[in-house]
Amino acid sequence: AADKITVGALRFTSHSPTFIAFEKGYFKDEGLEVELKFFQAAQPIAVAIASGDIDFGVTALSGAFYSLADKGALKVIGGLMAEKKGAPGNMILASNKAYEAGLKTPADLKGKSWAMTQQGSSFHYMAGIIAKSNGFAVTDMKLKPLQKVGSMIGALKSGQVDAMAIVPHIASALARGGAAKIIGKIQDLSDYQVTTIFTSTENTTDNRDVVARFMKAYAKGIADYDAVMQNQAKNPAATDAMVNLIHKYVYASKPIAKAAPSIKAGAVYLNSGAALNVGDVANQLAWFQEHKLAPATLTIEKMVDASFVKTIK
Amino acid sequence: MPPFFYLVAVFMDLHLNNISHAYDNIEVLSEIYFRIEAGQIVCIIGPSGCGKSTLLRFIGGLERPNSGEVLLIGEPPKESLNPLTYIFQDFALLPWRTVRGNISLVLEDHGIRGKGANAIIDDVLARTKLSDFGDALPRQLSGGMKQRVAIARALSVRPACLLMDEPLSALDSQTRELLMDDLIELWIREKYTACYVTHNLNEAVRLGHKVVVLSRRPGKIREIVEIDIPLEERQEHSGLLQEKQNYLWDLMREEAMAADQELNQ
Amino acid sequence: MSDQKPVVTNPVPFRGGGFSPKPMKIVAPILFVIVIAIWESGSRLGWISPIVLPAPSEALTAFLDLVNSGQLTLHLKASLQRLVIGWTAGTLLGVTFGVAAGLFTMARGGIVPFVAAIFPIPKIALLPLFIIWFGIGEESKVATILFGTFFPTVITVYGGIDNVDRGLIRMGQSFNLNWWSIVWKIILPGALPAILSGFRISASIAIILLVAAEMIGAEYGIGAYVLLAGNLMAMDQLVAGVAMLSVLGLTVSWIIGRAEKYFLRWRV
Amino acid sequence: MSDQKPVVTNPVPFRGGGFSPKPMKIVAPILFVIVIAIWESGSRLGWISPIVLPAPSEALTAFLDLVNSGQLTLHLKASLQRLVIGWTAGTLLGVTFGVAAGLFTMARGGIVPFVAAIFPIPKIALLPLFIIWFGIGEESKVATILFGTFFPTVITVYGGIDNVDRGLIRMGQSFNLNWWSIVWKIILPGALPAILSGFRISASIAIILLVAAEMIGAEYGIGAYVLLAGNLMAMDQLVAGVAMLSVLGLTVSWIIGRAEKYFLRWRV
Amino acid sequence: MPPFFYLVAVFMDLHLNNISHAYDNIEVLSEIYFRIEAGQIVCIIGPSGCGKSTLLRFIGGLERPNSGEVLLIGEPPKESLNPLTYIFQDFALLPWRTVRGNISLVLEDHGIRGKGANAIIDDVLARTKLSDFGDALPRQLSGGMKQRVAIARALSVRPACLLMDEPLSALDSQTRELLMDDLIELWIREKYTACYVTHNLNEAVRLGHKVVVLSRRPGKIREIVEIDIPLEERQEHSGLLQEKQNYLWDLMREEAMAADQELNQ
């Protein structure tokens, strides 16, 4: 009989491989009976894995994740979205007001205010990347936790914060609408491993076989996605088919005509084969620990089980 | 003991012009027509539930009859703080104010505070024998004491016309006597106007210049009995008064019997 | 009577009445129409930035999309079920504990400080705990709403009981009514105005908490729809979702209004 | 009297009393100690998973760290200031609108449905709007608390006013008290029990909303502390923060209890 | 008209043993000692606020005196649903129940519902002339009607001993007469026990086997006046009764005067 597993997901385009592998039966092919559980935020996925309610999840590395990993509850087993030069990636935006006042490059961000969701979030870390590569401390920026992407955008547009970083399709939409100015890209500053695939520590020891099969199926999903969505112009028919598939899960309450542009624009780069950039993960951990956002006792060995995928150095 | 000095003599008649009223199809009052002349005490008697309290509410302008009107002929005197003043059947004391507070409530709005108010309050409390209970809350009072607070409160605003709804019903006979004597003495001096609802026929004949006898519900005027003896001389005419009282008694008895027959039909 | 000056004749001034507002059905619709009209024209004229507040017409389009996608009933069904179960359970528990706090010295000593200590804890902060305790299924969602309903209900119920005329209770005792009868026939009806007023609050809180509840592994539900719209920055959907919550609130308020009219018809 | 059987002599059975719980100071502390003791030993014995619920002693350590870092006063000061301003403003507005809804037909027709429609909207869903309207400074934080306080206050106030004895109002009118005096001296004191009970609810909601309020660009504040702890899954700090909110709630409840004792001493 | 048939004759004495009481340092009652023998009607009179209602609450077990006790000698009869039944001075009606509902309230607990209850309710309403108002709410009733509902409710539970606190104070003289006659007729047939607080001395001498006269607050027993004439023969001895009434009047007057002097000291 098939092994039953539960996968936590967010209704974002960046979770598309999950939907593709599910819809195209890649999980079934591996003998996995998958149940999808939808969440509205990433953090509960991590908690639900720690509590054993679900088996696999995808999320950015954040303070909560390190904390749970430190308690031995879960482990990173693969990489997903990453910053790669030339591929779509997070952009740095300046508010019109700040731009006028001379904020033209990431190097000018010293002393400026920066919108992020929360302390210890990926947006916080991206501020760290900018600070590091321009030779100032992240505390030299005025960090404004605003909890929600929507709030960040609102604050940026109304000029209440000077800058922020955001996924490409939102960034270009804002720039196109004249609501903000793009002043740089994260990929120019770092090979940031943005999101990772993770599971419970128990699975990596007791159910290695299941984990391996899951990763195999997942890698197929990534391959399909990258093949089509990174080359949308070349094969419009395949693109439409994939957009249709994703639309079942993302923007489902909007008609396809309205949803398609957002889905298409939201195509970010995903590591093929779910390869994991262990070096960058180690860098991230070090940065979080340095800023007291991760437990000092956590080590990269305790947090990562890189035996299921290729690693990038 | 000093006499009441708060009531104010007036030249102000009240004219009840053909008043009828019904609550949700229950006819309560029908074609009530009489006049309360300035300086007169009009007593209203009638069976329980015949509409006396309702009528009193109309007279004081607290409710409006379905048809007919109450006219005020002449002007209320300036000295009176509240020309038409009620003493309610259910006392209507604010439970969160002390006895003194309940009285000062009706003075504050006229700018009477502090010493002025205290003097008035002390006086009306003394008259109603409540001096010891100025700081008691209503829940600490007996039924009769609550009624006396309601009387004290009404007296404190120098009414030109008192609208009293069984004001002595919860009092023992002696306290009642004393307050009756006070009311009479006061009238002799001040000639105030009053409309006095009572169940006590003896009170009615001792105090009333006119006794309006209402029939059972719907209350109609059964008869208006005039008592011509001046209030100051009534003690000397106890025989005559007793006659009047007996006459009222018979009137009421007929009412009751008629009601009984209706019921047993 | 003085005959120097002419006699003035006036009806006795009417001093009664008032202080008894009647429900007036017409005001609210007019008000809503005006607000929506201002908003719509504000959006069209560009006074209101479309990124943060879309025009009502856009929200309506989003809503119609939702209807056409056939998901509306799924969302509604999921949310209503959570609401009804969570609110009912929270109310029953709340009334029980409220009555206990209203009647027993020991219970009051325990319940009042306990409620005071636990009520102010934000449910959102406890989501991780809820996941551990109740899992990611319906239980944790219902529990969130249950907790949100429970505390205000306890407070209004014991507040209402404190306000019941003790004279009526003594009357009941004098007729040897048993304890249950006194509670059921004297104390609860006496506290009912306060309890119903509390229901207005607890129902609104329950609706608010739909969003918090559906943060955890909810596939369908109006809260999930709103959250997702927020995550995806789909402001038209967000407004449509919020409007659904509003309509839900209006409906509940209307039901409670009917209940008040029926159960409190003994009041003036 | 019958002389066949011996005459029984008993005191008249006592049927009165009861139904008037007194505050009992001792129960709550005992209860709290028991709960904490069970929790601590549960944690130590491993019944309670340390992933989500640390032992109270660990939370205490986290709290002491906070005290020693000197940041406690900063957090407390920031939060208390928001609470006091937001709650006071919300309450004043709420009482004003509640009184209006309690007294005027027109106002009731508008306010009641409006409150029913707006109250159930989750503040968190509207955070982006709040930022546009009120910025990311203190205004938006105070506004969040203000809105959270306003709606339940309106509901309890007009509910309380509906319950005031109309006979007392007629008495006031019969003595020609002016409108303000009637409202101030008869209606508000009569509605006070309900209003104070409503304060318990609105104060708790205000504390809950500290977290939502401090979501927006707050550097200091207990809510911000709790949020950060939650983000980092630092459960010991989270519990310490939540405990601070609880203590705040207890303090407010105690203050309202004193106020009730003082203002409602006229009740039995 | 059928006579009351709900009251139950009993062999049960009530013995008040040296009762004293104070509310927050205000002494209210002091060393009250008397006996209500089975089948006797004991009337209590005394100045307003002297502690009559308080005493009645002690007798019915609704409150406990600071010192002394009320003893029940003998056993209440089985037929009585509620041996010691009050008629409260302030009526104590549930505002959310209709007149019928207020009466059925006290029957439901004894398993009397439906037809059985209706028969009892119809009967007591007829006696108190409220048949038309069975479905009215208390707020729709006049003061006197509320009092009659309270009386009807008390009669519905077949009391062995009635504890009445000015039960006729809000009623007009005729209704009062009728209900008095009913009470007397009923006693003649059933010989029930009662403790009757009143301000009306005439009621006291017509109804009481004993009249307990209380002094002003703190209420002490001033005198216990026995009236030996059997209830059924009292109408024939109106002279004697008038004498007793005058005697009580004088007693009360002395009390009032003493109080007055105290006040004016």
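A, B, C, D and E are the chain letters, set down in written order, and residue numbers restart from 1 in every chain.
The working rule: contacts are C-beta pairs under 8 Å (C-beta built on N, C-alpha and C of every residue); 3 or more make two chains touch, one makes a residue touch a chain.
All values derive from a computational prediction rather than experimental measurement.
Any chain that touches chain B and also touches chain C is listed here: D, E. When the interfaces A-C and B-D are ranked by how many C-beta pairs touch across them, A-C comes first.
Averaged Cα coordinates give chain C a centre that lies 16 Å from the centre of chain D. As a whole-number value, the distance joining the C-alpha centres of chain A and chain B reads 84 Å. Chain D has its Cα centroid 40 Å from the Cα centroid of chain A. Mean C-alpha position of chain D lies 47 Å from that of chain E. Annotation for chain E: residues touching 2 or more other chains are 60, 62, 84, 90.
Counting partner chains per residue, chain A shows two or more touched chains at residues 43, 47, 51, 148, 150, 153-154. In chain D, the residues touching two or more other chains are 15-16, 51-52, 128-129, 132, 170, 173-174, 176, 227, 230, 233, 235, 267-268.
Taken together, the chains touch in the following pairs: A-C, A-D, B-C, B-D, B-E, C-D, C-E, D-E.
Residues 1, 23, 45-49, 51-53, 89-90, 126, 129, 131, 140-145, 148, 165-166, 169-178, 199-201, 249, 252-253, 255-256, 259, 263-264 of chain E touch chain B in their complex.
Put simply, chain D touches chain A in their complex at residues 50-52, 127-129, 131-132, 135-136, 215-218, 224, 227-228, 230-235. Residue ranges on chain C touching chain E, taken from their complex, read 167-168, 170-178, 181, 185-186, 189-190, 192, 264, 266-268.
On chain C, the positions that touch chain B within their shared complex are 1-2, 7-17. Of all residues in chain A, those touching chain C in their complex are 8, 10-12, 37-41, 43-44, 47-48, 51, 53-54, 148-150, 153-154, 157, 170, 177, 179, 250-255, 258, 262.
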